[in-house]
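Right, one structure below, let's go through it.
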Amino acid sequence: MSITYLEAIREAQARALAEDPRVFIYGQDVGAFGGAFKATKNLAEEFPGRVIDSPISEDAIIGLAIGAAIDGMRPIIEMQFADFSSVGFNQVINQAATLYWRTQVPCPVTIRLPAGGTSGSGPFHSQNMEAIYAHYPGLVVMTPATVEDAYHMLLEAVAIDDPVIFCEHKYLYYHLKADKLPADAMPTGKARIAREGRDLTIVAYSAMVHEALAVAEELASEGTEIEVVDLRSVKPLDTDTVMASVARTGRLLCVGEAWPWGGVTAEVMARVAGEGFGLLDAPPQRLNAKDTPVPYHPNLWAAHRPTARSIATAARNLLGL
Amino acid sequence: MVQTVASPKAGAVVSTFRDEYTNAFRWMLLARTLDDKFAGLYRAGKIHGGVFLGRGQEALSVSVGLALRKGDVFAPLIRDQAGRLAFGEPILDAVRTYLGSTLGPMRGRDGNIHRGRPREGLLPMISHLGAMIAVVNGILFARRLRNISGVVGAASIGDGGTSTGSFHEAINLAAVEKLPLVLIVANNQYAYSTPTSRQFACGDLVDKAIGYGVDSQTVDGTDLSACLEVVGEAVKRAREGHGPQMVVARLLRLCGHGEHDVADYVDPKLKQSPVGRDCLKVAEEHLLQQGWADARTIELWRSEMVQKAEDAVATVQREPAPDPYEEDWRALSSQRLLEAREERPG
Amino acid sequence: MVQTVASPKAGAVVSTFRDEYTNAFRWMLLARTLDDKFAGLYRAGKIHGGVFLGRGQEALSVSVGLALRKGDVFAPLIRDQAGRLAFGEPILDAVRTYLGSTLGPMRGRDGNIHRGRPREGLLPMISHLGAMIAVVNGILFARRLRNISGVVGAASIGDGGTSTGSFHEAINLAAVEKLPLVLIVANNQYAYSTPTSRQFACGDLVDKAIGYGVDSQTVDGTDLSACLEVVGEAVKRAREGHGPQMVVARLLRLCGHGEHDVADYVDPKLKQSPVGRDCLKVAEEHLLQQGWADARTIELWRSEMVQKAEDAVATVQREPAPDPYEEDWRALSSQRLLEAREERPG
Amino acid sequence: MSITYLEAIREAQARALAEDPRVFIYGQDVGAFGGAFKATKNLAEEFPGRVIDSPISEDAIIGLAIGAAIDGMRPIIEMQFADFSSVGFNQVINQAATLYWRTQVPCPVTIRLPAGGTSGSGPFHSQNMEAIYAHYPGLVVMTPATVEDAYHMLLEAVAIDDPVIFCEHKYLYYHLKADKLPADAMPTGKARIAREGRDLTIVAYSAMVHEALAVAEELASEGTEIEVVDLRSVKPLDTDTVMASVARTGRLLCVGEAWPWGGVTAEVMARVAGEGFGLLDAPPQRLNAKDTPVPYHPNLWAAHRPTARSIATAARNLLGL
C-alpha cells in the first residue's frame, strides 16, 4: 500500500469527521464533486450533510466558520486555491485571529490553503501565503512537508483550539508518497531534523524540504554533510531546534518558496542572528523566489523559485566550495 | 443573558401591547440616558478614543433586542445601545468597556462598542462593516447541523454597510442556506458624512431583498409601535423557518457619526421631515396620549435611568485599569503553541 | 484594436441583419474551432496548465464583442473566446498566451485566458472572480473625468461570480456613479461543479438588478438573434447615458469547467432542455433555414477557420519560449526603485 | 508659520491636484467633509469634481483606481483607516501589484493608509500594514516619519509609475510640526541619517524614528552616541545606508511598531546578518510590538508598542550598559 500527500489530507479529514461530530467541511465544490483537487473525495457520501458546497464567497465562508466555531463546532474550510484566500483575508486576520484575545472564546477553525507553485499555474494559482498569515497574532500556520505531517498536522489543526492556516503544497499532492501513515507524530511547534549533517544547516519547509534533501544527497557524495531542518510550522517557529542545528554546523542557509521580503527566511535569519550570533561561522544566507509574481511558463517558473540546483549553488558558496 | 440586574422591567411579565410598549420605552430611555452619560464623559475627557451613540435609533434597536430570546444570537453595531440592553447586556458591560475596566468583558483590550459575549449570543463587533453577518450565519448553521431549531440570529447593518462585499456575500449565503437570519438595515440617511445618494442607486434599500430571494419589510424607524410589530414579525417568520428576513428602517442619525463629529453636513430639511423625528419623543408622546403613563411617571423613570447610569459609572470608576505587567500578552489559547520570546514591557 | 489580421469579416461593412448575423456566426465558428484546437493541444500534452473553453457561450460572447467599438472597454472572463475575437483580439494573442510564446502579450509570464491589452481596452483578467468589474468602472470613471463620453465598458461574470463581494461592490459603485457599464451575466447553470441552487436563492439572477437600481434584461443565450439584439440594446442604452445595464443570459456550459473536468455532475435533464442547446448549431440551422448560407458555404467557412487556427498554432510553435536568463525579473516599472539584490537563476 | 504632518499631506495633495490634471482623489468622506482626519479639507471645493466621496466598498474603490490608472490618470485613494484596506487587499496585491509585470502597462495609484496606533483606538483602528504589502512584488511602500517626507514623498508617490502604499502615521498627524516645507527632498529609496552617532545604529521608520531620537538624546547625555537611520520607505529598503551605518557603529537595533513576525525589523536583520555580518560587533537586536492585537486601553497600548523607554532599555542591553 502507498498513500500520497493528497490522500493523507483526505484521510485526515475522514478521520476527523468520523471521530468528532463537531467537525464539518465547507467550501467550493467540496461536496459530491470532492473538491478541485479531490481532497474531499467521497466524504460527502460517507458523512452525509457534513461536507457542504458553498457559494463563491470567501469572506462569508470564513465568517461562517468563525461563527460555527464560536458555537462549539470544528469547521474545516477549503479554499479552492490559497491565492483566493486574499478575498477572505479580513475575516481571517481581523475576526478569527483576534477573537480569543478579545473575548477569551477560542476560535478553532482550520483553513486549508492549497498552496505553492506548480508548472503552468501562473500568478494566481501558485502563491504561498504563509508569511502574510504568520505576521498576524492569533494564528497558527502549518506547512507540512511530508505525507505523515500532512496527515497528523491536519488532525492536530482540527483538534487545537486556535485558528490554523494549513498550507498544503499542491506540488506535493501527487509527487509525494509514503508507505503508510504512522500512528504517532511530533507535535506542532517542533521542527524536525530531516537529515543530519555537520557542515551546514539548511532550514526549509513545505516543498523546499525536498529540494534541500536532494542537495544534501548531492553534496554528501562530495563529502559534505548538510543538516536539513524541516520547520513543519512557521508559526510557531521552533527557533530552538534551528539554533541547536546551527550550533552544530556553524552555517545557515534558509530556503523558502515564497517571496523574500519579510518571508519565513527573513524571520529565521533575524532570530538566528539575534539569538545565535555567536554560533555562526559565516554569514547566514537565504534563498527565496524572485520578487515578481509567479510566472506561468515552466522555463520561467523553474527559475523563479529555488530549486535543488540553485540551493546547491548557494550551499557551495556558503561552504566556500 | 436575557434577565439581568440592570433590567428595568423589574421582573414583570410582558403580556399586553401596553406593557410591551412601556417596557420598550423604558429600555430606550435607559439607552438614551446611558448614551448621554457617555457623551458627557467624552466631553470631560474621561473616555479613551471615540464615543458612538444610537440617538434616534432606539426604537428600531430595542425592537430587535426584545424580539430575540435566550439562545438567540445578536450582532449589534455601533448604534445599538437600546437593543443590547433589551437583549440582556448588563449596563456594566457597556460602562466597563468604555472606561477600559479589567472587569468588563473586553478587559481593556477592546473598547467602546466593540464588546460582547459570544458564548451568550451577543457578538462583539469588529470594525469592518458587514463582517459580523457571516458570523451570525455560522452560529445558525452550527445549530442546524446539531438539529437545534427555533433559533434566530439578528444582525445590524447601516445604509453605508450595505455597500460592502461582506454584506452581500453573507446575506446571499444565508439565503442559499435558508438560515433564520434577520438583517436589520438602519437607513439613517448618512454613512459618516456620506448621504445615501452616494451609497446606492436603488429606490429603497429594501429592493435589494428580492435580489437575494429573502423576505423583506420596510418600517418607519421613528415609530416604536411599527418597529415592534415589523421586527417582531420578521423574527417570528425567521423562527418559523421562512429563511432570512430583511427589515429596512427609515430614520435619521440624531447625533454625529461619533461624538467628535458636529455633523453640520446633515441636511436641515431631513431634520425637519418625518424621518428626522426623535423616536424617543414620539414614543413618550404616544405613552401620554394613550394614557399609558403620565408625565410624572415618565419623569420618575427618567431619574431612575439616570441613577442606573450614574451608579454604573461610579462603580466602574473605582475598578482597576489594566496593568501591562499583569497582562499575559498572548493571542493564542493553546498555551503550548506560544512562543515566549517577547520581553515584558520595558 | 477592432480590425485585425485575423478578422474573418474581410473588411465588409455590416449593414443588414443578415450580414450581422452571418458575421457573428463566423466569429463564433472561429472561436469554437480555436477552442477545439486548444482542447486537442491540451490532450496532446502541449499546453502548460489548464484549458478553459467557451463552448455553448459563443452567441452571448460574440454579441458583446460586436456591440463594442474602438475606444470601448471589455473585461472578458474564461469563456469569452468569441467575444475577444469579435472585439479585435488577434488569434495570435490567444495562441501565444496558451503556448507561452515570448511574442505574445503576456510573454509567458501569464497564460491561457489570463491575457489582454489594457491600453487597447481589452483587460487581462486576474483569476479572482468579480475583480475585473471595478477596473472597468475605473476606466469609465477616468473617461468621464476627462469629459470623454460615448464610451461603454462591458464586463463578463458567471452565475458563480455573482456571489462574490467584488461583484456587488463594483456594480453598486457603477450604479451610484451612473457609469456606462454593461454587465454580462452568463448563467450557465454551474460554477465548476456547483449548481445555481447552491449559489443564489432569488428567482432569477436578473432580480439582482433592481437592488442596484440598474436596467436589466434576460436573454436566451442559445439564440444568437436574441443575444445580438439584447446585448446590442444594452450597449446602446449605456452609451446613451442610461447608466449601468445588466444582461442575464440562460445557457449551459457545454464542456467541463476546464478540459481536465469530465463534468459528469451536469444534470442530463438540463442537457436535453432548451437551455442545453448548442448556440452554434442553433445559429447554423438558422442560417440554413433563412437561406443566408448553404451547407457548402458553411463547410468552407469551417475549413477556413480550421486553417486560421492551424496557421496560428504552426506560427507560434516556431516562436521562442521564454528564457529565464533574458527575463528581467522586475515587478516595478520604475527602474530606480528596484532593489537588485536577488541573484540570477542558478 | 508652522505646518503639521497632516497639513503637509493635505498640501501635497493640493499641489498634486493643481499641477497635474490626471490626479483625482477618491475615498469615503473625502469630499465636502474633508476626510475622517481632514487630510482632504477644502480640496473638493478647490478642485471641483476631482475629490469624490465613495461608497463603503474598499475592493471596488481600489479596483476603480487601477482602471483609472490604466487609462492614464493618477488616482489618490484614501482608506479611512489602514486597517480597512484588508477588505481591498486583493485588488492591491493581485491586481495593482501584478499589472506592470503581466502587461508592461504601469499602474500609478497611490493608496493612503492612515496607520499606526494612537491611544484608545483599539485593534481595528491602529494597525501597521507595511510588512503585508512589502511582502508582495510590484508595490512601493512608503513610511514617512517627518513632515517634510510626508509632503515630498506623497508628491513622489503620485509622480511615480508604480502603485504606492503610503503609510501615514496617525500619531504624527498632529504631534509633528515643521516650520516650513523645504523645496527639495531625498528621493524614495534612500534612507536618511536622522542623527549621527558612533556607538549604535538604531534603524527605525515612521513614528518609531521619534522614539529612537528621544533615546539617542537621552543616551547622549550619558556619553553614548546613537546613530538613527530613518528608512523612509520599507520597500525599496535602503540596505546600503543601513549597512554603512552599521559599519560605523558595529551595533544594530531595529525598531518597528508593527508585529514582529516577518516585519520590517526581520527584513532589516536578515539583510544585515546576510550581507554585513562582518560589520557587527554584537548580535543585532530588534524591538517590535507584542504579538497580540493592538490594545484599546492606554496602559496596555503604551506597553504593547515600543517606546523610548523600552528602546532605551534594549539599547543599553545591546551596548552592555
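Going in written order, the chains are labelled A, B, C and D, and every chain counts its residues from 1.
By definition in this document, a residue touches a chain if its C-beta (ideal position, glycine included) is under 8 Å from a C-beta of that chain, and two chains touch if they have at least 3 such contacts.
Bear in mind the structure is a predicted one, so any value in this text is a computation, not a measurement.
Colleague: Could you tell me which chains are in contact with chain B and with chain D alike?
Modeller: Looking at chain D and chain B together, the chains touching each of them are A, C.
Colleague: Which chain has its C-alpha centroid at the greatest distance from the C-alpha centroid of chain C?
Modeller: For chain C, the chain whose C-alpha mean is farthest off is B.
Colleague: Rounded to a whole Å, what is the gap between the Cα centroids of chain B and chain C?
Modeller: Taking the mean C-alpha position of each chain, the two centres sit 45 Å apart.
Colleague: Averaging only over C-alpha atoms, locate the centres of chain C and chain D and give their separation in whole Å.
Modeller: Their C-alpha centroids are separated by 40 Å.
Colleague: If you average the Cα atoms of chain A and of chain D to get two centres, how far apart are those centres in Å?
Modeller: 30
Colleague: Tell me, which residues of chain D touch at least two other chains?
Modeller: In chain D, 54-55, 57-59, 83, 86-87, 90, 94, 97-98, 101-102, 123-124, 137-138, 237, 290-293 touch at least two other chains.
Colleague: Hey, what residues on chain C touch two or more of the other chains?
Modeller: In chain C, 106, 109-110, 114, 126-128, 163-166, 169, 172-173, 176, 198-200, 330-331, 339 touch at least two other chains.
Colleague: Quick one: do these chains touch in a line, a ring, a star, all-to-all (complete), or other?
Modeller: complete
Colleague: Okay, in this complex, where on chain B does chain D touch?
Modeller: Going by the criterion above, the answer is residues 47-50, 100, 106, 108-112, 114, 126-129, 160-161, 163-166, 191-194, 198-200, 265, 321-324, 327, 329-331, 339, 342-343, 345-346.
Colleague: Mind pulling up the chain D residues that touch chain C in the complex?
Modeller: 24, 49-50, 54-55, 57-73, 75, 87, 90-91, 94-95, 97-106, 137-138, 140, 160-162, 187-189, 236-237, 239, 271
Colleague: Would you mind writing out the residues of chain D in touch with chain A in their complex?
Modeller: Residues in contact with chain A: 59, 83, 86-87, 89-90, 93-94, 97-98, 101-102, 123-124, 131-132, 134-138, 235, 237, 258-259, 261-267, 269-270, 272-275, 277-278, 280, 282-286, 290-293.
Colleague: Report the residues of chain B in contact with chain A in the complex, numbered from low to high.
Modeller: 105-106, 109-110, 114, 116-119, 123-124, 126-128, 131-143, 145, 165-166, 169-170, 172-173, 176, 330-334, 336-339, 341
Colleague: In their complex, what parts of chain A are in touch with chain C?
Modeller: For chain A paired with chain C, touching residues are 28-29, 32-33, 36, 53-59, 81, 83-84, 86-87, 119-125, 260, 288, 290-293, 295-300, 302-304, 307, 309-314.
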